[in-house]
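Letters are used for the chains, namely A, B, C and D, taken in the order the chains are written, and counting of residues starts over at 1 for each.
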Amino acid sequence: MNNMLLRVYNLDKHFGGVYAVHNCTFGVREGTITSIIGPNGAGKTTAFNLITGILKPDKGTVWFKKKNITGLRPYEVARTGISRTFQLAKVFKYMSARDNLLIARQASDKELQKALDQVNYARELDTIAGELSYGNQRLLEIARALLLPHELLMLDEPTAGVNPKVRQELKSILKNLKKQGKTIVLIEHDMDFVMSISDEVIVLNEGTVLTSGTPAQVRKNKRVLEAYLGK
Amino acid sequence: MASSLLTIRNLEAGYGRLKALFGIEMVIKPGEIAVLIGPNGAGKSTVLKSVFNLCDIRKGSIIYKGKDITKLPTHERIQLGISIVPQGRQVFSNLTVKENLEMGAYMTKGKELIETRMDEVLSHFPDLRQKLNANAFSLSGGQQQMLAMSRALMQDPQLLLLDEPSLGLAPKTTQELFQRIQDINKEGTTVLMVEQNAKAACAIADQIFVLEEGKVALKGGRSVLKNPKIKNIYLGGHGH
Amino acid sequence: MPSMSGLAAQLIANGIIAGAIYALVAAGFSLIYNVAKFVHFAHGSVLALGAYFMFTFTSTKMPFIPAIILTIGATCIAGEVINRLVYRQLRERKASNAVLLIASLALMIFINALIIAVWGADIKTIVMPYENPVFELGDVLITGVQIDIIITAVVLLLVLWWLMKKTRIGKGMRALADNKDVAQTVGINPEKMYSIAFLIGSVLAAVAGILIGIEQNLHPVMGVSLMIKGFTGAVIGSLMSVPGAVLGAFLLGIVENVGIWWLPSGYKDAIAFALLFAFLLFRPQGLLGKKMREA
Amino acid sequence: MAFENYLIHLGILLCIYVMLTISLNLSVGFTGLLNLGHIAFFGIGAYASALLVLHGYPLWIGILGAALIAGLVGALLAVPTSRLKGDYLALATLGFLFIMGTIARNWTGLTRGPLGLPGIPRYTAENQTLLIIAAVTALAMTGIIWIITRTRFGKTLQAVRDDELATQMLGKNTFAHKIASMGLSALLAGIAGSFFAHYISFIDPSIFSSGDTILVFSMLIVGGLASVPGSLLGATIILLIPEPLRFIGFPSALVGPMREMLFALILLLILIYRPKGIFGKVDFQ
């Protein structure tokens, strides 16, 4: 059993009396694809923002490669080897695709083109990011996150707003990355996508972990469907 | 057409480049409670926003009482008797409860008419009556949601659109809220509601639409939740 | 030699007079900021226009009251012209607040230059039909006009408070300032509200222009320094609320005038800028504002 | 002969405004910092250079002092202000401009207050040589900015402009980048200030003027944000358009205000109809 690359203990974060995340504890095993699912407002994106330093937790700790990274600033977290994308793709809209990628890592055009091919990005390096379709902006952001030297890739709803063809490609892309030994954790709503590629699924509800396990275990668990359909 | 208060025909809509709906068909009869459920990102809220012209409609049309209102500006829809309670307990936090209600009747002329309607509305939400002079930000989450609904009711709408009213509310408050929605419906207001808490919403619904990826996947009465397809829609596993 | 406490009393009185003027500027400015959500820096120049209109109308020997009414009317027209020709065009093109701020600075420069071109750069004084008696209240010397300033400011601010609290239009503006999206769902038309906010702002600017024009003399760039003082007062009190801004403006007037007890009078402006800078950096929400959420 | 001198005078002014516009472009156009305090650094540079030389230091110490002092103040100002967003950053930097004006007016011991500093020694006797030096400096600065914006540092500044949070998540200390951008931008403005002081050989507190702030912003926006050639063109257009006013025979009292009204009007029209400017592709955020 490979060890836990990322561990989160009793994370708490509330906004004006309402708990976004409460006593949230989970781990991500190295070399796996781990998905975080749960109904709207379950605290999935807040958990991502707490791990990557965008939000400071009120209580609890975050450990990465056995090092406590709680409270580090986002650029410090990135330098420890965590690379992430955002719920709404955040590309540098006035810069070309090439310049977007060069911020992550200096590389030759050949290498950059290879990074883009890896995510089936269908446009040249010179196109300005702002003029791309939403799907292509999403792929560019993922390619950029892959180029940044990292050991953990965090994707926040990678399939959101992406057409079904690209969605299938994303599945194969993530599987290839896993083959190369990458560890991936993603927030996702498309259940077909989650159930078909995840080694481990963590179910968040009302800011805390309801259950976790293999896709089959989670699908069978009555309380998960109940969380979605409500009491 | 008389049998339909609101008809949505082949609706395609989204936000800028992001498409969310891929052809929605829906007929809502006067006096019923219609509920839209479905997994996250299925486009539930976008349907509601399209009826109120709060997003970009690409194709299809919205017929209200036989009239095509797809392109009608927002404030004219209010005069037709449609009002909306947006998602997330949106209130005028720095105004008092009474002022929030008065703003609901902003387009109404005549002080007495506003007073009588305020009494009617407060009869549905009695605990707001004691808080009339309190600022809205001092209310609890549940009270804020009830204030947002009362503000919409001040327009005496024929069609009330509710966007996830139970979000962030405790189960007990949600039950109380749904009871109030039924009372309001009994007095003749048609309700179109988007809800994540599918079980509680379907318990009071006359017609249920289950949305998946911008299309209506399932339609039916209160028994629709028992349909085995629900599990696949919510937890995937269509067998690829 | 007046006793120490006498001098202190006089400084405080001067502070209240200055505070009253700054409050009128701050009220107009923060109303527009709250409702239309951008910094209308040319508000001071509109005030200066008011003063110069008053100068022109009174120099035609017309009676005092019609001169005041004409001045207010002309200033309101100027305010609406600015709102419609510049800001509305920018809003329709989805310009960001940064663009609106730069446009307001350009307007400020434009109006100041216009005043110099039309009225000339020399100092002007408004001829008062009746003389300006000096009263002695204990150790404090205060002129009739200065008393008028305080009374007019207090009355106008109370009327503004009543208008915002008790009338349908006032509540509509506060609702729009609070939550624009929800305001539109109840049928409030933002552009109409912006025009009304500008109208009220212009009336306040006109009255402030008249009062200052009578009490001090007129110079083309008077609007800029008054705008900075009114704006500093608004930031100190709270940009988020008109009452907060008014309180901050009175506070600034007093602190500035009492401050020159220790510092040479030339440093009155420096006190204001130091306060502005400190509040913008360390407490942008002002004394009364709620902590703004960072994200 | 007189017309030739007038052209040389215009040439020197143009070089100074190119220095100001291209340096402003670095912090506003390339890094997205709405810095309304740029003219404060121009003034600081002018005073620093004039005071150093008037106190007996050689000219090159004056220029170096102007650059370093303005640059240091720019960097220091960036530390507290770069936490602020959009409006508040603009207001704080504008506030800084007014503060510098007040200090210049009241610190009579150092700056002789409203009397200003007369008799500032010139770089060179004839204006031709000064024009050449100014042109070389302006083009050098333009070259430096052109190169910087193509380096990795320059690309990161543009990433900070487009999305600071995403830039942080790529391991970049955006706080340090913003300080460096403001510092360098101020340093170059300081040099422009030194040129101005030693050319006009008299400066007073009015150098900290909001009018000039709008003038340089017009030049920047007309040319286009984040466009180096745009800044050159913008400075030329805005400086030359009002010049004919001098010859139409308006009373001299009218020329000054007419000039200011004209470029304020041009800026408003550009903001409304062509916010991206001629060459620009970046909008204000």
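Just so we're on the same page, contacts are C-beta pairs under 8 Å (C-beta built on N, C-alpha and C of every residue); 3 or more make two chains touch, one makes a residue touch a chain.
What you see is a predicted model, and the numbers here were worked out from it, not measured in a lab.
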item	value
Chain at maximum distance from chain B, centres defined as averaged CA atoms	D
A-D against C-D, pair bridged by the larger set of C-beta contacts	C-D
Distance from the mean Cα position of chain D to that of chain B, given in whole angstrom	54
Computed distance of Cα centres, chain C from chain B, in Å	43
Chain C-chain D separation of Cα centroids, rounded to whole Å	30
Where chain D touches two or more other chains, by residue	none
Multi-chain contact sites of chain B, meaning residues that touch two or more partners	none
Contacts with 2+ other chains: residues of chain C	none
Complex contacts: residues of chain A adjacent to chain D	52, 54, 73-75, 78-79, 83-84, 86, 90-95, 99, 102-104, 106, 128, 144, 148
Footprint of chain B on chain A - complex, ascending	18, 39-41, 133-134, 157, 160-161, 189-196, 218-219, 224-226, 228-231
Complex contact set, residues of chain C against chain D	38-39, 86, 89-90, 93, 95-99, 101-103, 105-110, 112-114, 116-117, 120-121, 224, 228, 231, 235, 264, 266-267, 269-270, 273-274, 276-277, 280-282, 284
Footprint of chain B on chain C - complex, ascending	168, 171-172, 174-175, 178-179, 181-189, 241
Complex contacts: residues of chain D adjacent to chain A	152, 155-156, 158-159, 161-163, 165-174, 226, 281-282
